[in-house]
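Lettered A, B, C and D in written order, each chain numbered from 1.
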Amino acid sequence: MQATELLTVSEEIITEMPCCIKSDVPLVHRKNNTDKTLINVRGTIIGGDKIIVMAGPCAVESMDQIMATADAVKKEGAAFLRGGAYKPRTSPYSFQGLGIQGLKILAEGRKRCGLPIVTEVVDPQLVDVVSSYADILQVGARNMQNFALLKAVGKCKKPVLLKRGLMSTIQEFLNAAEYILSEGNPNVILCERGIRTFETATRNTLDISAIPILKQQTHLPVFVDPSHATGVRELIIPVSRAAIAAGADGIIVEVHPNPGQALSDGPQSLDLQEFSNFMHSLRPIVFAMDRTL
Amino acid sequence: MQATELLTVSEEIITEMPCCIKSDVPLVHRKNNTDKTLINVRGTIIGGDKIIVMAGPCAVESMDQIMATADAVKKEGAAFLRGGAYKPRTSPYSFQGLGIQGLKILAEGRKRCGLPIVTEVVDPQLVDVVSSYADILQVGARNMQNFALLKAVGKCKKPVLLKRGLMSTIQEFLNAAEYILSEGNPNVILCERGIRTFETATRNTLDISAIPILKQQTHLPVFVDPSHATGVRELIIPVSRAAIAAGADGIIVEVHPNPGQALSDGPQSLDLQEFSNFMHSLRPIVFAMDRTL
Amino acid sequence: MQATELLTVSEEIITEMPCCIKSDVPLVHRKNNTDKTLINVRGTIIGGDKIIVMAGPCAVESMDQIMATADAVKKEGAAFLRGGAYKPRTSPYSFQGLGIQGLKILAEGRKRCGLPIVTEVVDPQLVDVVSSYADILQVGARNMQNFALLKAVGKCKKPVLLKRGLMSTIQEFLNAAEYILSEGNPNVILCERGIRTFETATRNTLDISAIPILKQQTHLPVFVDPSHATGVRELIIPVSRAAIAAGADGIIVEVHPNPGQALSDGPQSLDLQEFSNFMHSLRPIVFAMDRTL
Amino acid sequence: MQATELLTVSEEIITEMPCCIKSDVPLVHRKNNTDKTLINVRGTIIGGDKIIVMAGPCAVESMDQIMATADAVKKEGAAFLRGGAYKPRTSPYSFQGLGIQGLKILAEGRKRCGLPIVTEVVDPQLVDVVSSYADILQVGARNMQNFALLKAVGKCKKPVLLKRGLMSTIQEFLNAAEYILSEGNPNVILCERGIRTFETATRNTLDISAIPILKQQTHLPVFVDPSHATGVRELIIPVSRAAIAAGADGIIVEVHPNPGQALSDGPQSLDLQEFSNFMHSLRPIVFAMDRTL
């Protein structure tokens, strides 16, 4: 009776489910040597010759903080302003971000300095509101296999910066990107940000080999986040130079006007002078790689 | 002007955000030796003397499958029927579950065998519909730090089975549970299901020490999932016996009437005869631990 | 000329090297369900029905320490006295063990309590002297792939307790044992002692699944070292019970008359009263497994 | 009686043991920005401005193989010839190296091309014979905590290339080097060669951050082994460029005239043309770092 009825229905459902229509070749796969996705965000091309630097604080804390950061990173050559309005925090009692007020502050920062903005979305229900402010949506490491969120950003038209999970294989990372592409959004930037290992000298272990592996397997741009990968300010320059030498298309880095006062991630944030040094330090490697900054 | 205005607003927001009101002692912490949470689900007590076995297929596939499983696991002494209606899968092209039809089938299974049901919720927007069918909501390993989902199940009144993330420390696991408790839901069951390591002989590495550590630190019941921890059918009995000897309050195990035909996790599923053997094999250890089954 | 000459010679060498004669089936492999190696040490059988407990301090520190320990562990039912005379320490400035004086003290302990002794050998050149005192030679985790040492103990006639490396797979562990067997020594005891993972709540992560996997794949006895696996005194009882429930043939545990004064591994050592509690706590599980203690 | 006597003796032993005399500051620690160890090997300086490339096969297989390799790597600018005469292999049935014949072949290679030679020593008893042929002694990853071997090479006068263990923290790596320095040998080269993680796309995971951390903490030269770190030929160029950009002083890389026929490590070895490409690919990065090749 009812059982049989339901069974029939469910079989139809399986057959009709669009996400069960497997493409022969995954959408993320690179077809040939020249196959690469270029993403145009307000005139800035991601995935081309220019190394893209995205800079800004871990968390949006105030208008003053964002204005000071926006001016400085723009002046030094950053291409994007980053900052978190919704923060996924290990403890429920840690600062969770300013939410929509944070988005508004970021939009003011963009108006001031002209840089497009990148910010994280943590909930499928917030994709609409975040994408109404942001130029690029970030999906964080802890949400790399939050498939409901991946599907939601896949239905959105804004580009997505997808961070690798702390303990996700490269194959799983590509599958997570495939979720987004399979929903119709082709503009995904992959970001290696360190994996979890036994080593405690750094917050995570940057998987430098992931960069050339991803460049060989997919046409999507590949970025590196040296701030979360190392958790140590002094390592950001050498690790970023290494990332570019390994073939990365961009760097997303934490910059704060006053790291000692940061509400999160202070020890791994560059101050404004350090960010200037950082940009200068990258140039010789960028040029050695026949790229621009 | 606007900047100053926004800044003022945002400061108020920080002050007023309820999740920023840190309790002096985390809600999950055990206060003394006798402090333990007992969860009553339709008359069955979780966290007491009785070792609770939750059994059923990885994915709900059909009414026949659930009916066959429900009868068999009830007969052998399982206390709950488990099955996934919404499946978080690594690839977007893998079977994603029957969705609401799966929930309806599970409810039929409960009606048939009388066992309360446990099923996974993967999206904050689905918490209402899943909790209208399920007796216990499962939050899977990949969503352990999906904080939007944790908050949503924290606002729900149904008990939550929270699985440890593949990459999560015990401290992060407890913090994830704290998210749920801090939203007002005290009924959380912690489930160790293996962590990711370099060893490839098993799907994951069961962290057996996590059981006594959790029992010492928290008053919440602690379960083990030997199916995902090992990924190997032949290891389920010895690993489950070990879990009970280490102090676990329950086991959640994959059972399928025909593992060779399962749409997911076949190689780690017990068939109905193996489940019978499994239950018999636990008894001597359960009694040696002065508990019941 | 000379090149050709040498080439010829070297080809002969390859052909004649005895360790290049691969047996069709590795010597460590279990042939059938009843195939198991029993090791008789001064009348005590390892690998049979009786669960063997080896107890004593990490390092031999003095005659008084060993005498106090020997009396106590014998009284409580330990079958072997353990203690390190040569200590592999991370830092060259840490206490390196008493060397031959430590061996002599252990031999006095054996004379006093009648228990055979287990002690570590760290250098192929010391195998002769250590085996002239010890009843069982231990090869430590850091030396699991010290192939020169494995070959040396393989040529020796004393049984070998081989510890799994901190980051060695089960397959590599069996290959290390194969080195010993292939040199002519069939009496190897495998000891799981925790692997290195990202979790910091314990010193290492005990791989409980390794026990049934090893029991299925090899005829050699399988032990567990809960002291090094956890590094935490409070976890030794639950973890040891779990190990026995998973099928282990024995436990090697650190016991010290005064852990607060121990020259190494104090925080993970049981005192004499705790060792008594430990032995009592194992009994119900041992009997539930149809074994003896 | 005897107990008391022994106790007294042992206490003296502790006091007098030279390796228990802890220096206030470890010998490996860098005192200031300009503090660096330069190692002169037959006129070639390691640890200075010049990036040192050591190249050759995993295993010495024949005179022809070494002669062909020596000529080619010398021509392309390698500074050292490497090759293994004693091979630590996971299985006792794998090719274990040519032993002393291999050392003789390497010495012929040095005579032919003029490059100094690097080869591994696996047993304290072989340090004398290996150092009578080799210019630099290599201690492999599996022996990084073979303390008997570390002490033996510490007493030797030849420089030591010490590889980081698969499972070793940076702190343990520095402690292993300290064992060598504390025995009187100041000429140690540290070599990062990948650590073991959950990722299976590469043989190991190169810990790129270890390079700047080691450069900041110690005055010793820091090398990278891209062959063992990745296990994949196609990754050797990008990973080596990254290593130099991160501050490495040298690269040790596997080169074989015919990788398809190699007795070990074929898939990660460069052929002679690929080695030529490799050397050319490094130049722009080397110059961008203000160094020479």
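To be clear about the criterion, a contact is a pair of C-beta atoms (placed from the backbone, for glycine too) under 8 Å apart; a residue touches a chain by one contact, two chains touch by 3 or more.
On a predicted model such as this, the values are computed, not experimentally measured, just so you know.
Participant: Chains shared as neighbours by subunit B and subunit D?
Facilitator: A, C
Participant: Could you pull out the chain whose C-alpha mean position is farthest off from that of subunit B?
Facilitator: Farthest from subunit B by mean C-alpha position: D.
Participant: Could you work out how far the Cα centre of subunit A sits from that of subunit C, in whole Å?
Facilitator: Roughly 47 Å, centre to centre.
Participant: Taking each chain's centre as its mean C-alpha position, how far apart are subunit A and subunit D in Å?
Facilitator: That gives a centre separation of 37 Å.
Participant: If you average the CA atoms of subunit C and of subunit D, how many Å lie between those two points?
Facilitator: A distance of 30 Å separates the two centres.
Participant: What parts of subunit A, by residue number, touch at least two of the other chains?
Facilitator: 167, 196-198, 200
Participant: Any idea which subunit D residues touch subunit B in the complex?
Facilitator: For subunit D paired with subunit B, touching residues are 196-198, 200.
Participant: Could you pull out which subunit C residues touch subunit D in their complex?
Facilitator: So the residues of subunit C in touch with subunit D come to 2-4, 6-7, 9-11, 13-14, 17, 19-23, 61-64, 67, 88-93, 95-96, 98-99, 101-102, 104-105, 108, 122-126, 142-143, 145-149, 165-167, 172, 175, 178-179, 182, 196.
Participant: Please give the residue numbers of subunit C that touch subunit B in the complex, ascending.
Facilitator: Those in contact with subunit B are residues 167, 169-171, 195, 197-202, 205-213, 216, 229-230, 232, 234-235, 238-239, 241-247, 284-285, 287-289.
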